[in-house]
Amino acid sequence: MNESLLSIQDLYIKIKAGEKTLLRNVHIEVNKGEIVGLIGESGSGKSLTARAIMGLLPHGMNINGRILFKNSDLVKISTEEHRQLLGNEIGMIFQDYRGSFTPFIKIGKQMVETICTHQKVRKKEAQNIALQVLDEMGLDSKRVYLSYPFQLSGGQLQRASIATAISLKPSLLICDEMTTALDVMNGEKVLHYIDKVRKETGCAVLMITHDLAQAYKRTDRMYVMNQGEIVEEGLPEQIRCHHQHPYTKKLCSCLLALPGETLVTERVISV
Amino acid sequence: MSLVVEGLFKQYSKQVQALNHISFRVNEGECIGIVGESGSGKSTLGRILLGLETYKEGSITYHGKTIAPRKRSDLRQFRKSVQMVFQDSTSTLNPKLPIWKSLLEPLDNFKEITPSFLKVEGLTRKEIAQELLEIVGLDKEMVDRYPGELSGGQKQRVSIARAISIEPSLLVCDEPTASLDVTVQVQILRLLKELQKKTNMTILFISHDIRAVSFLCDKVMVLKDGSIVDQFELSEIYDEGRHPYTKALIQAASIE
Amino acid sequence: METAMMKTSRLIRNPNMSIGIVLALFLAGVTFFGGAFVPHDPFQIDMNNRLQGMSSEHLLGTDQLGRDVFSRIIYGAKLTIGLGMFAIVMAICIGVPIGLLSGYIGGKIDAFFMRIIDGILAFPDFILAIAIAGMLGPSLTNIIIAIVLVRWIVYARVVRGLVLAEKEKEYVLVSKVSNSSSFKTIRMHLLPQVMPDIIVMAAIDVGKVILLISALSYIGLGAQPPIPEWGAMLNDGRGYFQVVPSLMIYPGLAIMLTVLCCNLLGDGLKSYFDIRKGRDGL
């Protein structure tokens, strides 16, 4: 399973005017079927990285380096090809779950539309796929299918949007702060299903978050980002207990311990 | 017993029950965490305690006095000793007013109060505002700035300074860290803890983050669908007798 | 914090705004000092010089009674623009407090004012103004009363809407929790929030109201002859339109210029405040 799926190499992003560098020398590897965490505070460049992969950078930005996805370089391909990739190969889930569906159209209809635009299937088949993926997400598929977005809770909506993304069977799922707007229990549920989907379909997940507890628990590997640079990477235990970089240390010390929980074994190292 | 809530009941409509006969007691100087998901009624509880919303049944007693909703004279006395810090750092300060004006609003309304931690004599109003800012660890210079020029954490510090300026004996915090970055969250929590030690005020800390609650509070109350399902001392958090919902919450927040 | 100079320069950089300001300065000059430069008495009838064309003595010619058109337009500026502004100020003075109270306090007060407003809004404002002015009798005072009665509603409604959106914001709640009286909360937090919108609306509205005054005068409900109000002048010139169209063209141009100025100022102010809003939101 150690086949590389997405490989970001020497990625630089600059604002054209003013020569301000937003991302500097970013390296990220995502292998097939892996959950990779990208953590950092707001403004660290996490979301910008995601947008670069999706080809959704705002105007006025220069991009340098390589983003290899299944051996094609996403930096060089045309917008048209990029659009083909989005959805079919790369799915994205955003923080703002309210924005993922149009408010006045039933969720089922929107899902069918999405499936039909990306894949050559008939409407009937698309419906079946939609119902099936909603089921997989642990939702009452019939009810959700016939609901308008405002009739569902935040957690349900977020799971529905994941359902939409995985209905296209992407090989990479990018989750940008997808649990931030949800509370702990709903977030946990959403993450549980992401994990399940990963195990079942073998799609890789790039999980962008600032929630350390989640990242420790759910990821196979994680990257720490600060001010546009990857400052550290490693296994969750490595980052948690044996971090090297001062910024990682600062970030890790911000995770408050539950009673009786040891988060950092750092003292042992320093002695 | 400083704050006693008995049988508090609130309904928005027939279907939506915000609070279902809630009763609890808070001792002087305690720090109570109220945990629950969105929709559990935890924010409604905070708003009712502050008199921002009315309630149908039940009673709230503070230091032996009953607080009736809609009675202005009662509320004034009550608000002298109770303040609130809100969730959204972006809208907690009026964007059109300089910081010092926002900061001094409570003190202006309660002219009879002089905070014991300040030597107010001979100070201009702006200087009082500067002192308040220093207490929450902000730069004096900020008094003349506008909220748009401050970061989220700074704004939240200003609103904490504003809340403690009249030395409330009860401070209700409604998810004060939810809109902030992780590193800033910890700073704000530390500040609250430090202020609590200094002034010995009672804190009701409403949050969905059980980690934050266990950092700050001695007692935890778990709210679900408008009812209190569990209530315990922090030291008993892993007891077998915990409600399944509490266990689920802890499990969700844990890293294993 | 921005200095006053930076603010001004940002205000002027907007092309709409700068043209608007130039026009406004010009109109203000005419309104305040025009009287000193008027070559003729605007009320002086000279039957020997009726319906003259342009000449060095009568810059824009004379009307059917031989009065100097140029002088009448200058003199009329004071009347038309002054009355328009006065009407708006009155409408704001009535509408804004009602909107603030209605939105903030809500309940019965809100229901009461909203029913009145809904009732009045059921009629187009021009028709209503005609009806009121017609009932009160034709005179300038009465059409101003009619216009104020029609226009305050707009302000009350807009302010109420803004207040409803704003009053659930946390700083307003904090103000309540700090035991500020309703009056103080409104003055300290809500009024400054609605002010920019009021100013923009007022700038555009002055133009509308001037049109309304002129229109009412044109149909004979407002200014009565010989008062040189622009709408009334249009009415005067109507009978001679085929012979001397300039009698209607010049007052018409004056009205157009004023309304244009108001709209430009309004648009400019709007984008100015929008930028400010965006900055505050950061």
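Note that the chains take the letters A, B and C in the order they are written out, and that residue 1 is the start of every chain.
In this text, a contact is a pair of C-beta atoms (placed from the backbone, for glycine too) under 8 Å apart; a residue touches a chain by one contact, two chains touch by 3 or more.
Here the structure is a predicted model, which means the values were calculated and not measured.
Looking at chain B and chain C, no chain is in contact with each of them.
For chain A, the chain with the farthest CA centroid is C. Closest to the protein's overall CA centre, chain by chain, comes B. Taking each chain's centre as the mean of its C-alpha atoms, chain B lies 48 Å from chain C.
Chain A and chain B have centres, each the mean of its CA atoms, that are 34 Å apart. Chain centres here are Cα averages; for chain A and chain C they lie 55 Å apart. Looking at chain B, one finds that none of its residues touch two or more other chains.
Within the complex formed with chain B, the chain A residues making contact are 41-42, 153-154, 183-188, 210-213, 216-217, 240, 250-251, 253-261, 263. Residue ranges on chain C touching chain B, taken from their complex, read 1, 169-171, 173-180, 184, 188-189, 192-193, 279-282. Chain B contributes residues 37-39, 181-183, 185-186, 189, 208-212, 214-215, 234-235, 237-238, 248-256 to its touches with chain A in the complex. Residues 50-52, 75-76, 79-80, 82-84, 86-88, 90-97, 101-102, 105-106, 109-110, 144-149, 159, 162, 166 of chain B are the ones touching chain C in the complex.
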